[in-house]
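In what comes next, subunit A is part of two complexes: it sits with subunit B in the first one and with subunit C in the second one.
Presenting the complex of A and B:
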């Protein structure tokens, strides 16, 4: 090649730009490697050095990285965050700061403050069924090392990117959920992530969920912030769903405008398993959800839905990737966005059908409404198909509320505001209908309605944000 | 059974593969400033054009080959390519003076330059390698003020027009291959339709790559002045080659107020043999700008050839109420790779665009649709509808879609839908039941699938396109 000299120049200049952001973290790691190790769940230490090397190689993703094209994390990553690598306890009583209850859900309730899991040992009201384990990953690596070792980081290594590698280098703890064979949890597990700090703070956590053969679990993860400082959370959750198992994952985000969240959900499904993912974003600063679902067995069913209501300067980017690695599976994906003011939405829906994954049915749908001149939407539904006997489709629309429907309602004496509200509410209905926990469904309905009415200007119940 | 048919017909060798022995003037392979000066001198170009070429070359040396496309491109040695080849006996004044060998080539291709074309009412500007060989109907068109000539002639005879519009739609720094083309472009077509003139015939050019080891770098410029109309056809077939041939063309279209341009392509370059060796690399930058109000631009392409296709005919909708269309059928077979689609950039108010893409993959090929619909903040009431369908014939090929939608205006309505499927057994059964054998049935179904796009082609072309589609598909299933 004639331009080898210039090649080198451009790559170095590109690296230079990146190194500025990564440098403090690289130094932090190199100086404190031992401290990180000592205070970490031992299971996370094995791959730590490797993840760090990978992070040094990849750096933080910039919009030049194709899959991060619509998420620019450079600004939030430039902030000088504190990291709690010595695992100091934050003086907080989760019950005091947590008021976002879902009435009637009567879930198994757990808290994660920043990145520390709060154990609920003296739970009397609903004891967990026998064999079910819900503890911190650190404790799990001590008590059940074999179980943890069998699964930990398997998916993270497979789908590694800059943020996952960063998480691998710095994450020290997280929650651990284990539902043994044929155990059906009768009520959902609710994990509440609370961000609490007096200085700008970054939390890295690595969570592990194992749902064994024939078991059933519903997990609701809520994100909240209670302080008005800048937060950055980078969470990796690995979920292993066994044969004939049912797993539902709900993620409800209601955080302050100063929060940046990168949340990676990695799910591996085995034969005949059924997974529902529902990603709801109501309030946030910058959010990037990476969802990768591997269908590693035949006859899997996957439903992935999501909804975003945004205004102000919210940024929500959902990157989803469903990999049909085996035949006869079915996936259905549906994401809806309503964007107002200067908010930005991004959606990538990757559907991958491997060579031998015949008889795959995969549908994908992304619908978006822009309410304002300054709102922006970027969508990229993407099909990659290597098998011929498949039915795959995707659709994406960006538009406004239906004028005819508006006219119809106005004609019947419904005020414009009310009519708009009704239409938007109806627009989100089919995502809400996918929620299989009734109490949660009702709660989301109320939250969405309030949000659309402009009444939910801040996350209800939280004291400061 | 379909496997058998598949095997049988993939044995078909490329029907249009042959070379003609014409003395060709080739300058030594390699690219540097001297080569560019030499090309420019050989073509007797004015100073500004040489400067443009050198500027483009210097920029090109700072660029890297793009790697974002869903393609596996073997490394290309740009120093091993010869950048200029011209048939020696050029500039004939009548058909009798045209090299008989060359005429034979065209006859074999079914493109008789003589009476048939006159009867069919087409003016043909045939480009063999790099220099325009023969232009018919020039005089007829000239009466209307239409300029239809080779690019080099335009540089000599209408330098002001060329200078005014060249590189306004595709600047030399646009992308890697556009920069390369800007530096070494050899020839191409130039069309100028004056104000208010409706071009009475379909303008047509056939490009051929003939001499071994010469990349062809055409540059086409079409200008449609206010209220004018033109339909332009471009068709390609290339002879059989063992070595890969690089093709990096630029097409620029400027559409003024109330004007309409229809651009149709049938591309059937040598796709390589069934083991994937040889074949043309087709890295093309095509872009049009709807500059004035109510202007209209339509791209129609039938892509059946080339080992690797990297091509995104695009429209910039600058004028208010302008509209653009993109119709595409892309067929890949054996080891072919195609990453093709369009870009619709909405800037003006009330602009609309329509994208219809049909991909068919067979053998072990990969066929990707990649498209961008971008609505700028000031593009009020923009409207887009995109549909891209893929059909898979065989279980070793891949079909992919990468549609990008970037909407920055709330009054826009952008819709996209895509499906991927194979030919249903029901359909084949239905045909079989009525005495149509499977092979014909598959051909029928595929042709029906592509019909929507083929219908957009001008009549003369539609026939050829259908034939081409059939040939390529015969090589796969039907």
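Presenting the complex of A and C:
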């Protein structure tokens, strides 16, 4: 079912570790380049060789690479993962076994098992509005080559990042969403990523979302794992938001502790567009989110929020970048973390204001609560402002729960445990309030509450996770 | 023997030689106070005399350390209990500076508090309809704006609204022993009347109040059975309500000598 790559252990030597981690993947690529091409979305093949050369040059990022200094991926990258280069289907039909049920959300629901997109065969009850396309990138490359090639990799190829280059070399497919001009989707699109394998497994995928002028779309991406093996996912999602368009992207991660996820979300906004990104990490192993939003037109609005609840040895690193390339736009960024036990958090808030981007309004805020002294948080606001008539602010705090509020609640009879729970929940409230899908908001409230109570925040009704 | 049983029945709170400190600095230096059911005690005294500390120690604020003495409440050793257990046993503190808790709605806060106290008394949780009825009734009692209970606890409330909210919570929780810590400070005369009215309506033969105040003004509305003067961590004089009037006129200096 899967192609296991060459055994790492036989060639491992500590001194050469940096080279050795990449070596099996370099060999895998060189020996299977033809196979990878044949089984890929053709649009991804054009830049593949170039991405591979870039990966050879950059290698996997180590904490010595400035932008990855909070995340050490060497241990998970040392695992001998299988890759599904020949695109074998998994013997489960997710539509039959997976009953993800956010009550009342009634989304356009799609599944990705590892890195394979599963089209829904029958959508009679809620047909997509005319012109809207939601298919695999591979099929899109065949059916709409001009559309795909106009956009694909345009954002990803600008990056000097070993993980993105690696994705460029190995990603073979992904989902493709197209919302044509002035079409407003009446319900959210939900993409459920399921990691499913009997052996340690790596998935690379490349997704493309195009929301044309005046269109509106909400996309909810849920990450799940089903099996108790080591998983590594490396996903790149490119989103192009046209003039006057609205786009909301929710990423809800609820995966096993053995999962490492590197997720890159790249968004380009044209003028008068409105984007909301909400990155929710409830349960995971090691997660690195790269989020970059380019404001390429005037009067854009951007809200980027996120929340992390972690304990055990979870690692969550959000590297965010908002680029004001044109004047008169407004961005607002807010990330909150609650870290317990030996978990580690990282946040970078890069804010770039170009020389001509006058009248920019940009606010950034990162607040963190450490519940004990073994949890660690590293936060870094990074403002690069080249314009002289702008309003930008940033704030970062790392603290504990408010003792005065704790006593106030206990004086009313609320137990210490319950008071802590209520305060932690309240701390996350303004991130949850930024969810504009009511059914999802209610669901997240319940999941967060369960998570804070120490219960596993499984989605109810989900029979395979 | 007969005598002590009788005492147990009507004595609610008995504080003996209470010493307490914060950050190593002694604030209470031997307080003695006995409160019986149905009584209202006023505690007055200059700034820094230990009035708020006394309230904090009775309610179990972990910031303060009790170094000596006893506090017996309805026959049990209060100092052994957690703050939430003391609340469950019927002790309520109206805070001098009510805390803002962004993100926790008044409704959720009140429901959590009522159910926690019910659990403490082995009672069933309150039903949704009963809770709403109670909220409506008590809001009317303290003439509180309906909108306030839809907001986060004390967040963005004016000083007067915060104090009114304290009395509203007191009305909801129906404590046996209510301690009002400078509930009158920052209130205009109308608000003061409303707050005092709320307190008076909740008064019965079964409960008691300790009213901490700077000024005699509040005692025009809430008439105390006893007035105590706290100075430098000790009660230096006890009298009836006329003592408050005398203090208003003469200040505290004549007592310090």
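Heads up, the rule we're going with is that the second predicted complex is superposed on the first by the 433 of 465 C-alpha atoms of A that agree within 3 Å, B and C clash if a C-alpha of one lies under 4 Å from a C-alpha of the other, contacts with A are read in each partner's own complex, and residues count from 1 in each chain.
We take it that contacts are C-beta pairs under 8 Å (C-beta built on N, C-alpha and C of every residue); 3 or more make two chains touch, one makes a residue touch a chain.
The model shown is predicted, which means the values in this text are computed figures rather than measured ones.
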item	value
Contacts of A:423 with subunit B and subunit C, given as first, second, both or neither	second
First (subunit B), second (subunit C), both or neither touched by A:93	neither
Comparison of subunit B and subunit C by subunit A residues contacted	B
Contacts of A:407 with subunit B and subunit C, given as first, second, both or neither	second
Partner chain in contact with A:383 - subunit B first, subunit C second, else both or neither	first
Residues on subunit A engaged by subunit B in the complex (per definition of touch)	1-3, 6-7, 10, 66, 355-356, 358, 368, 370-400
Complex contact set, residues of subunit B against subunit A	31, 60-64, 68, 75, 77-79, 377, 390, 392-422
Subunit A-touching residues of subunit C, taken from the complex the two chains share	59-63, 82-84, 86-88, 92-93, 95, 98-104, 108-109, 112-114, 116-117, 120, 152, 169, 173
Partner subunit C, residues of subunit A touching it in the complex	402-405, 407-416, 418-419, 422-423, 425-430
